[in-house]
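Pasting in a structure now, in structure tokens, and then I'll have a few things to ask.
Every chain is named by a letter (A, B, C and D) in the order it is written, and numbering of its residues begins at 1.
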Amino acid sequence: MDKEFITRGVKRCSGGKFLLWLTPWALLLAFGLYSAALVLIKGLNQTNMDNRFAFGLWIFLDLTVIALGAGAFFTGFLLYILKIDDLKAVINSAVVIGLVCYSGAVCVLAVDVGQPLRAWFTFWYPNVHSMLTEVTFCISCYLTVLAIEYLPIVLKNRRLREVPSMLVFEHELHKLIYVLAGVGTFLSFFHQGSLGGLYGVLRGRPFAFREGLALWPSTFFLFIISAAAVGPSFILLTTWLVEKISRKKLVKPEVPGLLARVSGLMLAVYVLAKTVDTLVWLNRTSPDRGFQGWQYYSWRPFGTWILFAEIVAFGLVPALILLSPKLRAHAGWRLSAAAMACCGVALNRFVMTVQTLALPTLSFDPFMSYYPSWQEVGTFLAVVAYGVLVYSFSFRYFQLFPQERDLRVQAPPQREESELVTAGRY
Amino acid sequence: MTTRRDLFKIAGGAAVGALLTPAPWRMITDGALWSENWPGIPRPARGEIRAKFTNCTLCPAGCAMKARCVGDQPISIAGVAGHPLSHGALCPYGIAGHHLPYHPERLLSGAVEDAAAAIKKGIGEGGRIAVFDTRPGRTASWTYRRAMASLPGGLYLRPEAALNGDAVDLSAARTVLSFGVPLLDGWGTPGNVIQARGNFRLIQVEAIESRTAAMADVWLPTNPGEERAIASLILNGGMDHIARELEDGPVLVLGPEDWPEIVELNRKYGALGRTIVSRRDAPVPDTWKDAAPEMEWADAAEGSIRVLLIDETAPGAYVPWHSIETRLSRDAVVVAFTATRDGYARHAQFALATAVFPEALDDIPAAVDSPAGVFRLSTSMVPSAAWTIDPAMFIAQLAGIDAASALRDRADAICRSARGNVFHYADQKSTPMKAMKADAFWKSLNEGACWIDDLDPKAHAPQLVARAATRASNVSLVETCGAGLVSPLFSKLHEESHVRLARHEIALNPAVGFCDGERVALQTDCGRIAMTVLLDPSIPPGSIQTATGADVLDLCGGATGAKVVRI
Amino acid sequence: MLPWNYGFEWNTGHVVFLGAFYTVLVIVATTVGNAMWRSRRALRQHTIDELRWSSDFHELSAADRACRHVITGEFRSRECPNAFDCRKCETHARLIANQAPPFTGDEEEIFGMAFPLDRFYHRGHTWVRREPDGTVTIGLDELGRRLIGAPDALQLPAPGTHLSVNGAAFRLKKRDADVRVLSPLDGEVIETGTGEWLLRLRPDRLDEQAFRHLLCGSEVRPWLMRELERLQLALTAEGATASLADGGIPVTDIAAGYPKMNWDAVCGEMFLEP
Amino acid sequence: MNARYGMTIDIDRCNGCGACMVACAVENNIPPAHAGANDRKGLTWIRVYKVDNGKEYPERRSAFVPVLCQQCGNETPCAHVCPQQAVDVDPKTGVVGQMPERCLGCRYCMAACPYHARYFNWWDPAWPKGMEKTLNPSVAPRMRGVVEKCNFCHGRWHEARERAAANGLAASEPVDYVPACVEACPAGAIRFGNLNDSTSEVAHKSKEPDSFRLLEKLGTDPKIYYHSKRDWVKTIAEAPRPGAGKENVRG
């Protein structure tokens, strides 16, 4: 029985029940690994990608997943750098989510390149002008950082604390965690950006190409802001989901409100920036390169509705909901707004990747369509299953929500000042 | 006294120190470069690079070729610049011709002994034996004729001759009126056509926009099957805008030769003797003069042939099987000499595997667009596979005549005639025949040369005769290589780009209601063949475009009312 | 990547980009290295008991870390900065300097539990009694006993073992509960017993300072009241229905009263083991 | 002075026979199509597209446009994005080179290329038995999972230089250097030469009013000039316009 691994004083379901919960995910993971193995062994001909759709499902999902995982760095930034202590309640969970998203993305990346064994060439012959180099460097570094940030959470496990060295190392590492948080912030700032730059620099693809500031196209900055906006939203959703599934109170009521406020604020900034960027692109960038803006949206099925959905329906609306204290306070509104925000950013990543490749560039090109093969879908499902499994284990054996223990019963509110009431009662 | 601890310290220190030097990093980098080779990928053979010259046998044009060889193995082929006939041009089939010996679908062997026995039996029973030769005029053809002459009742059969064996002089034409002839897509000698293209206006009458129609100066789209009507309209002074074009002579009218209208038009616009000229063929040894006469296929008597030997090695015009069948007796023995299963081999009891280009040694007679007679060899660049046989040798043996040195004998005869010039490929110079010795001539023929006859001073204007006309089909056939076998690299033009129709691909207008890649059947009153649909709006709804090939020709040759049906 | 690598050139791009990359690597490496070095140092300088307690103490919920003077009502709220080791606490020194808690020798009776005041009490529910021969005896206090009832197992340290304040003194097992009990004093075990006292210790020091960190006299009652509150909280947290704060006297074996309950959690709470 | 090799392709002379595509495959050891390959998964360094004027039969007119790597000279999109320097522009020739043995196969360059002139090895290269004897020794076959593209027959460039050096000429710009497709085109529609050499045929032809380049406004400065007297053909150089029979792309 795994009882002695579970933190003292928190309730967890029985081992059997836990296994029952794991089984479907494990099966899904197995299936996913099988399809990934097919791709690795037989080659990328197992996918439905082709010379024209050089990138497929995976790039879209990688970008989305990494955007959602941005909660890790942004929460860390707010907590350790800006010292917003309320976020202690979710930082561990955020770190796990970040770790899952990033490691998952990197694995999918490895599956979807032609020669994975040569991945290290990127470090060996880096082309510093390439956004992909920036992405590779930053993601690999940040993944390391996340792993290190994950370490204390693991070492805090009731059983591992019995080992003196682990106990002490956890203690000491935790004191220095803010350094890692700082580095992590720096790194993710850059790779979220360069993921945006990835497409923004494609001067051969006027649909994606954007003029920029200094080295980077505007998408660089848009991606950073949107990631920062959607990260907290995603934490909000996951926390709520975990609370529902585990039927427990995990965070103090003020925490979701705070996350929602942060998310709303960033989202508002993003929507504003995105609107300006779109206008500049439609009226200057694209026409200058011989491509009239309107023609992008006359290819079925990508009409102007997609632009509207991206900026207004899934951008402006959730931003306003999250910004208004009254709506924000209401869980239903808060959560649906968060979900919408996530969808909006996902849609943005989809447009940047898939639509860009689908639109013709030569006048005698057709409009390209593409459906992922089951191997590609399987590979993605593997990441999802992997994420759920890692999170479930972490939630069961580690303290992802430090407030959980205190929240078992409503502890009397503490007043912080320590003044002498009376000297000498006797 | 050093302890183990000290040793560890020293080792560790050394390791750390080494990291600060380029050495380990260099090793990694070089390791990477070395590891960049991938196993299981063929390594091209190395060796001395040489140029070899030959002539293409894949179609009657016989273009001159310069092969780049590693040792003796040709690795790529290009045209011979400055060649008086092919002008350095090659079609894609020729460019990849050196792949044919390795074609996965090549016919691998045949029951030679059984075939010989069956033939002997057939002759023994007093049946009539015939050789059907798809490319007449070769030295091998003469061998067949001699062999047939020495066999009781032996016949030498050939397809209907283009323009009754007369030649077209494109360089003389100012206006060319073509009724669906693929003039710019493999007709005649491509290099020669392209060379002359600058000098004539091309009026293409065709139902669909073929490659030729797309490049023509005027394209007259017609409804399929109406070409003949248009021809007679022009003949009777209708369509004056075309008539006006035709004022600008000399004129050449090309079209299905079995239409009287074509003959009449040529006669009307004075093509005969100017753009259509008679040609004398390369001389042959006098000892061959007693050979069997050439007989056109159609003239053979119904059900008369007991033993039929078909030589497909040198592709030319294809005679649909259903019209061959009628000439065969009930218990006929049919032997096909071929490198592919797709041709007559489908109908023959015995298919005997032959060498393919560039294995075989053969000569190529003058193409339809060469006013002068020519003699050139396709030399054997790679040794022919052990299990192949030479049909000429086989049939000569059958008749007990000696044909081993036939090519040399003919070369000598040409040399004796002292006519014309010899064009040498290596240095692109030509020397008059009379200035050459027989041995030198033979040598240069084998090293890459072409004998070109002088134009016949006392040539008579040719007399075209119209044949019984068949109705035009609504299937427009795009020429694929007659050889049946094409280089595997043609996947670049077929699956990988659809720039050309592959065999059993059928181009249809989207409006017809089939979807891209759908499996359908092309059906005529001669039968049906499974095809894959390729949608192309440039095909008018009433028309069908597909690639030739023996089976398709069997299906559509002369047949009408072809239609596409779902399967 | 490296100056002597193929394709490397000394241009600004390379220098800036790779510079940043290496800096990050160095920072991350040094951080981790630093943490390792510090923990190595910590392991050398402190006994593992100290380290574990200091870590455990941080794990305790804020309420449990309250200063003893909060318990006596002298502070509204104050978190103990010294991990319950008042010997080096100036605030404590100041407070008892101007008024030491009166030491009344007789027995306290709280909710039917006997708390003799001839001894000191540790917040981990052990007591220390000074013996005439200069040794001290250590045992579980009444509440501790009742929590455990008859222990399923009792692991006492072998004589000769050296205990340190707030380090593990001995382990108790009861049903699913498995807790270590904190040692109230530094000293060497010279004898183990099973009756009233469990350990006989020869303390490292016997001066006045030595016992300052322990509760005694009038502190005991308010402390115990608070402990009962905590117990109540712990029980309700674990889903207890019957409560004992409303006059219900803790029975001699509380565990028996809640057969289904996660007793480990309750004991962990009460014996200060998170 | 460095050379700037380029091409002029006369669309009015191209009848789409495909000789250039076959010759290219022969020269560069490009394997035949795998059974599963189609026109979107093939390896055709030079590919002939059939374009049309968008009208319906019988007004419809077609032309054939060979498209190969346009050898962009300005901020070459693919070279710019390759994460590990597997793409480089040779300053001596202006040719955009691809190093398959260093390629990671991330296909970022393919997404970057507006001309779709880059091709990925989706399968292990395979030749029919015996056909590997016909491989060109001056070009190494590529492995599965890497990108490849036209490099103006780099092998030929090397050999031409050696020949030139052997004949004691300046090896910098060999006179007899032409890519395989140029040599193969029976219609002589493709011309090749040094655009920097004002006396060369391509330099002249590229300046003619009927010459144009694909998507010139992208500012990538391609070195392939197309040439046609037909006005509707000239419009293929511009950005796509939706509708108008775009569904027909054969080739």
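By definition in this document, a residue touches a chain if its C-beta (ideal position, glycine included) is under 8 Å from a C-beta of that chain, and two chains touch if they have at least 3 such contacts.
Keep in mind that this is a model prediction, so the values were computed, not measured.
Participant: For the pairs A-C and A-B, output the one whose chains share more C-beta pairs in contact.
Facilitator: A-C
Participant: Relative to the centroid of every protein C-alpha atom displayed, which chain's own C-alpha centroid is closest?
Facilitator: So the chain sitting closest to the middle is D.
Participant: CA centre of chain A versus CA centre of chain D: separation in Å?
Facilitator: 41
Participant: Compute the distance, rounded to whole Å, between the mean C-alpha positions of chain A and chain B.
Facilitator: 63
Participant: Between chain C and chain D, what's the gap in Å when you average each chain's C-alpha atoms?
Facilitator: From the centre of chain C to the centre of chain D is 78 Å.
Participant: Please list all residues of chain D that touch 2 or more other chains.
Facilitator: In chain D, 38, 41-42, 49, 85, 102, 124, 143-144, 247 touch at least two other chains.
Participant: Indicate the residues of chain B shared as contacts by at least two other chains.
Facilitator: 29, 33, 36
Participant: What are the residues of chain A that contact at least two other chains?
Facilitator: Answer for chain A, listing residues that touch two or more other chains: 118, 121, 124-126, 129, 133.
Participant: Which chains touch, pair by pair?
Facilitator: Between chains, contact exists in these pairs: A-B, A-C, A-D, B-C, B-D.
Participant: Sort out for me which residues of chain D touch chain B in the complex.
Facilitator: 15-19, 21-27, 29-30, 32-33, 37-39, 41-44, 47-50, 52, 56-58, 60-64, 101-102, 124-125, 127-137, 139-144, 180, 183-184, 186-188, 245, 247-248, 250-251
Participant: Provide the residue numbers of chain C that touch chain A in the complex, in ascending order.
Facilitator: Residues of chain C touching chain A: 1, 5-7, 13-14, 16-18, 21, 24-25, 27-28, 31-32, 34-36, 38-39, 42-43, 48, 51-52, 54-55, 61-63, 67, 72-79, 95, 98-99, 101-102, 176, 178, 218, 233, 236-237, 262, 264-265, 268-269, 273-274.
Participant: Please output the residues of chain A touching chain C within their complex, sorted ascending.
Facilitator: 3-4, 8-9, 11, 123-126, 128-129, 133-134, 137, 141, 144-145, 148, 161, 164-165, 167-173, 175-176, 179-180, 183, 186-187, 405-406, 408-409, 411-412, 414-426
Participant: Sort out for me which residues of chain B touch chain D in the complex.
Facilitator: Listed in rising order, the residues are 33, 36-38, 40-42, 44-47, 49, 70, 73-79, 89-92, 95-96, 98-99, 101-104, 184-186, 190-191, 194, 209, 211-212, 214-215, 221, 487-500, 509-510, 534-540.
Participant: Which stretch or stretches of chain B touch chain A in the complex?
Facilitator: By the definition above, chain B touches chain A via 28-29, 32, 36.
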